[in-house]
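Here's the structure, in structure tokens; my notes come after.
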């Protein structure tokens, strides 16, 4: 297409009324999932339940009750528990690790590759870019949690019998119900990671060095969990973003206890609003010099 | 006279940017006429790129005002930037995406860009910079010159009223540099205002209509090229002991002899309205028994002018 | 020059505006966090009643069905016990004395009842239907079945797991006599219900207990919360109360328990309270009680088999050193509500009284 042909086209061929940013969000998500790094992280997460299942399958002796992560002793009797153990093991470190990488990379990564200035002069709009980046991180949280849950269910079904699941309360539920509960737990953990994502987004606006933002985010997730385990600081505990991370066990009670789901959602909302506001303040007033 | 805003594609008023105690841009009053090819010159580190960042709303000015395409920046940023294509401080791309995917991605960032024509626009932009053959190749496999072209292609995704090109020929081979120059001429011919910065004077001199010179954060000169070269243009330098005879001959050609220099050996004369053929002038001098030891026509390059303005040569970093 | 200053001012104010949300949001959250608990008890204004009327209301309580969540918090001044690591199992025996615990209670009539103690990643369940009782522990994967010979009341079975507000209140109200002053505090809101605040104050000055506050539901008379205040503390040393309460009949399926596959099932008849450390009941080691009311002292003689064994195993535990202080004549286990004196000759004296009084009682023997 030559220049004169392009010029002959009506203006609407190039410009339309400003979109909400859905094309940008779609592009953001597609860029995220076209990175080899993203797939490597999802694959490593999926590997966790696979390793657990293999370890249980290959050891002849049943793990003693009450030792090791919760539910581990049930894996050999019911493959569906591989998902639960996988999620339980991933929540304290592996999931925050991957989410920290993605959230810390949001703005700092664009700044370091030099694409941030081109996005801004496109113009993407700083607030819009911030929202799109956050939403893409949230999508990654869903993907990360689901890759543990789904890989766990698949390997569990392949290596172990599948049957009714015993809840913490001692009641048993059918396989269909247990899949619903698995999805609820995945939703719970995804919500749990949203506050950390917001913190990572804010830290990412502070620097042009993505690795620094990633490391800081991950370290904060560890610090929060350490503080949460110190009884001397119990006044602080309900305010720590990791406080309800393991509360998803309440979804394995009969009847389901929604209290921790609600408290967790409220707490994460608080973190999203606070760190979203900080990220907004920082990013919209920042000189882009990278 | 205060010109109407629309006369200028870019206008700044006492534009200043400080980083701590360091003044990167010091009270700059830029006037870029609409439709011009405006050369923005200065050594590395003279504040050119910082000025461009301020113009595009990437950084906020410490003080002063900016108007781009008749609108205030950064207040009207959302309305101004869709009409501005830019290449700032080198290309920036996602190395793990192909060239076409990179352009596609950056185009989605513009909320005004129509998605229906996106694919076609990406293709035509790649074609214009001669990258069609490498469209599907990952950017990490691109050479610096190819990345530079891709950066220009990004600026051309949508017809723009203003193109801001920061060092567009950086990393290009001579052939690539010629191509970029002809592309700029073509775009200018279509009426796009082009603001092109460079530390290499020779690149700009051939394509610009106007220019400004930055030195240590200050704007030291600004105007049309001929204004900058200085009135009068070329002059003759003659080495001869026969001053009076030479003066008489020059007068016949409408030339004016300058006052003698202290050392006396060299004579200078400026041309009148018509520039005569140098061969004819030399023949006439010889015929008038003027001993011609050397005869040169000096055309003052911008370079000479800039050395005067900036007090140093061009490739010297601050 | 003036224009430049204006532009500078504009820049500054734009920057400030953009940081404004970051300042306002935490302020907003902090004020909500402060205001909500304050507002919770505001505006509760129940018809005036005398303490006696409230006692009667509590006594006439006829709630037959409920489902609720109970929170129990203790701050008895004990050192914080590790919740992880090697000491964790040793700590579990004492865990009810420290920190916070949550349980869910479901009751339908006097014969159907389920209590769930919600532990971290685990749960202990008590399910009772008629005389059938199941105790399930998800961590140990054990289910204990027992059949009750008699039909105890609603209250008796949760002992050793968690005490419900109504059980504790019943015990406390039973002992309301001449040694106690009964008064009414300002009305409360507990679990989104309005309640009278019955305050029991010991007349005895020799007791550690400052006062006891019982929230009595204004509609049903059901005790909704109990708070025990030590003489020295402003915040309750021990509190237990409903955080959620629903008086509708719970789903019948909750009271049907089938031990899950893989659980170790044991049968126990007649039922012995196994979840509590055994208190010796043999004649040889009968505990004696001196005094009455709030400042009574319980003494367990030395040599009683279980007590001796208990105190030896207790002394060998690393926690023993952390929890007790060495004094002349023995070791002292001190809390803000109760003191326990373990004499070197093996006797145990306990009471809600100052240490000196325990030591005096020990010496008097």
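Order of writing sets the labels: A, B and C. Residues in every chain begin at 1.
Heads up, the rule we're going with is that a contact is a pair of C-beta atoms (placed from the backbone, for glycine too) under 8 Å apart; a residue touches a chain by one contact, two chains touch by 3 or more.
None of these values were measured; they are calculated from a predicted model.
Farthest from subunit A in terms of Cα centroid separation is B. Averaging the CA coordinates per chain and comparing them to the mean over all protein CA atoms picks out A as nearest.
Here the CA centre of subunit A is 37 Å from the CA centre of subunit C. One simple way to say how far apart two chains are is to compare their mean CA positions; for subunit A and subunit B this gives 49 Å.
Taking the mean of the C-alpha atoms as each chain's centre, subunit B and subunit C sit 81 Å apart.
Across the assembly, subunit C contributes residues 15 that each touch 2 or more other chains. For subunit A, residues that reach two or more other chains under the stated contact definition are 285. Shown for subunit B are the residues that touch two or more other chains, namely 60. Those residues of subunit C that touch subunit A in the shared complex are 14-15, 18-22, 24-26, 29, 69, 80-81, 83-84, 99, 104, 116, 118, 120-123, 125, 127, 134, 136, 138-141, 143, 244, 251, 254, 257-263.
Subunit B meets subunit A in the complex at residues 53, 56-60, 77-78, 81-82, 84, 86, 88-97, 101, 104-117, 120-121, 123-124, 127-128, 154, 158-159, 186, 190.
Only residues 1, 3, 6-7, 9, 12-21, 23-24, 26-27, 31, 34-36, 113-125, 128-129, 285, 287-289 of subunit A touch subunit B when the two sit together in their complex. By the touch criterion given at the top, residues 65-66, 70, 73-74, 77, 88, 163-164, 166, 168-172, 229, 231-232, 234, 246, 249-250, 253-255, 257, 259, 270, 273-274, 277-278, 280-282, 284-285 of subunit A touch subunit C in their complex.
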